[in-house]
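The following blocks contain the structures, represented as structure tokens.
Each of the next two complexes has chain A plus one more chain, namely chain B in the first and chain C in the second.
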Partner chain A sequence: MNGVDKTGSRMQDVWMKNEVVIGLVMVAVLTVIMLTLGLSLVLTILIDAAVFTIVTLSLNLEVGHTGISQFGRVLAVIAGAFVVGAVPGRVLAFLNGLPYGVSYADDAVNYKVVPAISDLLASSLPLSVGFLLFSFLLAAVAGAAVGWLTSRPAIRLKEAYLGISLLAFGDFFMWVGHNWEPLVGGTTAVFVPDPFRVVWGSRFQVVVIVAVIMAFLVYLYLEKLTRSPFGRTLHMVRDCDVAAAVCGKDIVRIRTQSLMIGSALAAVGGALYVIYAGTCTAIGFTRLTWTFWPWAYMMLGGIGSNRGVVLGVLMLTVARTLIITYRSTLFGFLLTWGIDPMWLEYTLMGLVIMLVVLFMPHGLVPAKVESILPAGRVRKAAQEQGFGATVG
Partner chain B sequence: MKTLLATEGLTKAFGGLVAVNRVSLEVRENSLTLLIGPNGSGKTTLLNLCTGVLKPDSGRVVFRDQDITGLEPHQIYELGFVRTFQIPMPFIALTVLDNVLGAMRSPGEDPFRAVTKAAWIEREEEHMERALAILEKVGLERHWNMPSASLGAAQLKMLEVARGLASGAKLIALDEPIGGVDPARAGDILTHLTELKKEGITFLVVEHRIDIAAPFADHMYALDRGSIISHGPPDSVLNDPKVIEVYIGRDEAC
Partner chain C sequence: MPAWLASGLAYASGLSLTAGGITLLYITTRTFNFAHASMATWGFYVVYTGTVLYGGTPYRWLPLSFLFGALLGVICYLVLNRHLLARKANTITLMMSTLGYDLVLLAFIQMYCDYLTYSLKLFPRRVTMSVYDIELFGTSGASVILPLTAVAVLSLLHLFITRTKFGTAMRATIENSLLAGASGINSDWVYLASWVIGGGMAALGGAFMAMAMTGTPVLGMTTIPFMFAGAILGGLHSLYGGILGGFVVGLAEYAGVYFLAAEVGSWVLGYRMAIPLLIMAVTLMAFPQGLAGAWATMVGRAAGLRKRGVEA
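Now for the complex of A and B:
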């Protein structure tokens, strides 16, 4: 028994080391990139990493903690992106006597209305902050609604059926956005009013700071949420839903709650992305980028491990960004062999997933089996019962 | 004594096989009712029908004078009726302690309250104390902080029992709780159940090891090929020629 306990804590040490070492390596890599390639590349990496941290953590809530086969992450991201592309700008346009109806998304109108709104935002910090918060709130509500909607037909399905339906929902919405112009401009993009123009000059830096803070808050929130009795019920449903039901858990309700929270967060990620990018294009929300990449990040980091997910996102975002930035200059030679470096990014994704599945099925930072409740409290309770000796 | 659980003409078929055939039984409050029967006689299916894991083809299940036929397992749990599984179904990525805590109700299960620890930590601490005491009763106290996946078969059986006891239910149905457990421990568990009866808990126990379990039973039902073939006080059921024939017949066949 004691031997087992020791092995347990030794394995914990190894995990700890993994996290710390990878974290330090990532800081070092980012520093090197900053010194050699410039700060703006680092900022690009950070903004992408922040957006995808939010999206991938939300995916991990549903997949890693609840055991739902979420192959349609893009759907909730789209909900957040579309609603922010379509609604807050219209509200301001309406309030200021600008075209806000169907014509708002018309490209001949849109490219004039949105800059006008952005000018308005630039004139007032409180208005800009209010616009930003309103957009995120709206995205979260839209995401939660989409999460609830998809849970209705999906919740009774199991594994593969559930996964394929969610995947189909996601593509369906992208094509709706792509073909129905009044929503977000159809085949042409709509511009998104810019609440960061108020800090012009240092806009990029401020966006990055806001995004990183948001990603950190989402991480903290999910850590709290998954290390609570609610988190325990998620894990129960994931590990054995029949037993969870017999233990009094309403498994349909728990899955729905997980889908709603996860989708709300993913939608906030989508909103953040379009606000940063300043435009919203339906066709840009592909399952490749917004479902499969998050899956690759999550698998590399460790399914079920919030901390691992953050590291997985960071590592692969660095790799992705470097590839995207240098694919034509550094990898142009591949063309001589008939390989288009355009596709390097996707090759990398496939490669990562294959390697992880083969050699590291639990990811870089495997999820630990540890008490859901704060360790100190558990220890205290155990000691009071006279179980102190076996505490690791 | 009052009737706590009653089934009326409960029937369930899997394709052509009638696994449970018009079964009507009664579990009296504060009793330990033993359900015996050879392999495949329908005992587990009967528990599944009573606890909402399976829906019956026909018949009714009445618990505390309320028709619970067709309710979901978690609704039946709310009413105070839980069961354990013959083949242990642990939450493998939870610790042994969390497996037991998970069978209790906590205010922190609400996603809004979950993020404020103050809203649930006190209740969880009370639960922890209870859970650790239960683990001691079933002999898992030294394993409380280990992943449940690291337990052996007999220990997993005990974890099932612990989860059942933790639920705080009025009626606990145990599907072969002492299968594979050494006789001394098995006797301890059954003695403990008898003690819990004094606290107002009722037990419906499915068990193959009649020699160990029968002395603890107040009432007994024998099932064969989906139908009740005998019931009454343990002595009379065990001496019932139909029951003897089923068991001896089976033994000779083997």
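Now for the complex of A and C:
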């Protein structure tokens, strides 16, 4: 070990790392897709990946770094999506003398009011940017509020009980949105004012760039957060909450903070999604798409590893998009029995979860086990005790 | 019998079977079985296919439905659960593995529905099973036959685990798997048996519930929170608690919606799922270990008091 050239081995380490290899493969795949199938498909992949990266990273903060069994991710996503579907448009409608009350969400009124607001936004860049930032801020506040609410049972309940309770309440919120029309139109979708109309000619490209930048910022923030003293406290609570309590850490407060930060970020992801889609349909926020799929992404990438999560999201998004693109050419034989190849997407996600659990329990990029002391001090202590040969 | 009670009884019987199955799997294998959702839906589609293609009452097909569910359970055990248990995986990993299995089963259900629609010109995506029902004692057959079948199945289960040698081995493994192993019980067979029974109960439960509600490919997917609610209400420690919890949750939903709709207005129908969730939330807030946990605490306290009384 002592004889090896240090810089050389480090270089080798960088190239042997899973994340570097997979990242390069993903870039290559995206390039091939761009050259063969066109740029717009790559942009679709990127926007999907960006939205789900934000949501899955927030899930990873709670599950991977804090050890909370969060099976209600959809709850916070719904909070962000519904708030952005319901509030900012109403504020602008109120300021401009348009109908803003209960009737705003009525489908006969909504399809006239929202385009009027969008036209208004299109006329001024500062207004559009302000609208966008206001929407995200609102979503984050709503998400943090939901996170605080879910932290109440999270203090009392053990893992499985908590997971099931959160799952059930996510479903409940979806049904509230589906049934209570004044919120986001109930069974009919409510339109969301479009702050990107300012750049009408290149709207799609700009949305993708904004989304990717936001996902990157969330990644940087969480990477920094989980490496900070606060992040190490989270890991301590995750690994042994009793020991953390003995060390004087307030476990309730730490779990609450983690849930509030995670839920606020997930809500921003939901807000980004409805602004990009231009509509907000309550029934679209199912636990399958917004809880289970982020779980699958996270498990493939590696629970507790932020880089792994980003790669997991990217890989599965590419795979899903390719299945949808090639479903009639590659899987067209299914159509002879009338079977829609669309369902292969479900099979793919299910198989990924099963295979990861069986053969790759730590994911593509396993989270590093970090020692509390620097490695050098551990080695020195071990040598003093005479364990030098076995450690490091 | 009023209509809400008739369909409520059929639904509650189905929910008690599924909740019982979830509880059984949890106490034997520590697995929260998400695949219960699609196993239940498959149970319904077995009955539907049999009834539509070969005629007769839906009840003829219940045994086949149980067997199919048991088969799905066995596959889940042999492919996934067995290896994870051997590896001593944690609860969350066990839970996620069944979620993956559930998604695959759901995909197959959807493909099967596509096949039925295309090749046999059926309409399997919105099924009202009650049209195939028979009339019995002036009320729907489902409200009589299904609760009775549920009671029969659960009695058989009770006899099986209390009166047979294998049942005793099962209980021993549940109580203390290490000691049971030391005394020569093969826990592998016990786990397999609980997947057979749990999967079969899930399929039966799904077939039961379809007699009271619209049968769709997402029948299990939409009702799984209530199955869990029933199991949690029962406390997840006792099989009988789970069965009772499922029944209470199911009947409370139908009764609650009926009386609330009469009092407040029909708009509450959209929020019917709030009732079982509220029951679950209140139970968990008051007794974080469920009703069986509360019962055990109460019995424990009473026993403690008695003991102290004796000493005094």
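Note that the second predicted complex is superposed on the first by the 344 of 392 C-alpha atoms of A that agree within 3 Å, B and C clash if a C-alpha of one lies under 4 Å from a C-alpha of the other, contacts with A are read in each partner's own complex, and residues count from 1 in each chain.
Methods note: a contact is a pair of C-beta atoms (placed from the backbone, for glycine too) under 8 Å apart; a residue touches a chain by one contact, two chains touch by 3 or more.
Remember, it's a predicted structure, so these values are computed and weren't measured experimentally.
Contacts of A:Lys112 after superposition on the shared chain: neither chain B nor chain C is touched. In the superposition on chain A, A:Leu358 makes contact with chain C only, not with chain B. In the superposition on chain A, contact is made by A:Ser228 with chain B only, not with chain C. Legend: residue contacts after superposition of the two complexes on their common chain; A:Ser165 is shown touching chain C, with no touch to chain B. Legend: residue contacts after superposition of the two complexes on their common chain; A:Lys17 is shown touching neither chain B nor chain C. When the shared chain is aligned, chain B comes close enough to touch A:Val378, but chain C does not. Taken in their complex, chain C has these residues touching chain A: 26, 32, 79-80, 83-84, 87, 89, 91-93, 95-97, 99-108, 110-111, 114-115, 117-119, 221, 225, 228-229, 232, 236, 267, 270-271, 273-274, 277, 280-281, 284-285, 288, 290. Looking at the complex, you find that chain A touches chain C at residues 63, 69, 153, 156-161, 163-165, 167-169, 171-172, 175-176, 178-179, 288, 292, 295-296, 299, 334, 337-340, 343-347, 349-354, 357-358, 361. Listed in rising order, the residues of chain A touching chain B in the complex are 1, 4-5, 8, 221, 224-225, 228-233, 235-236, 238-240, 242-251, 257, 261, 304, 367, 369-374, 377-378, 381-382, 384-385, 387, 390-392. Listed in rising order, the residues of chain B touching chain A in the complex are 51-53, 72-74, 77-78, 82-83, 85, 89-95, 97-98, 101-103, 105-111, 114-115, 117, 120-121, 124-125, 128-129, 132-133, 136, 141-147, 149-150, 163, 167.
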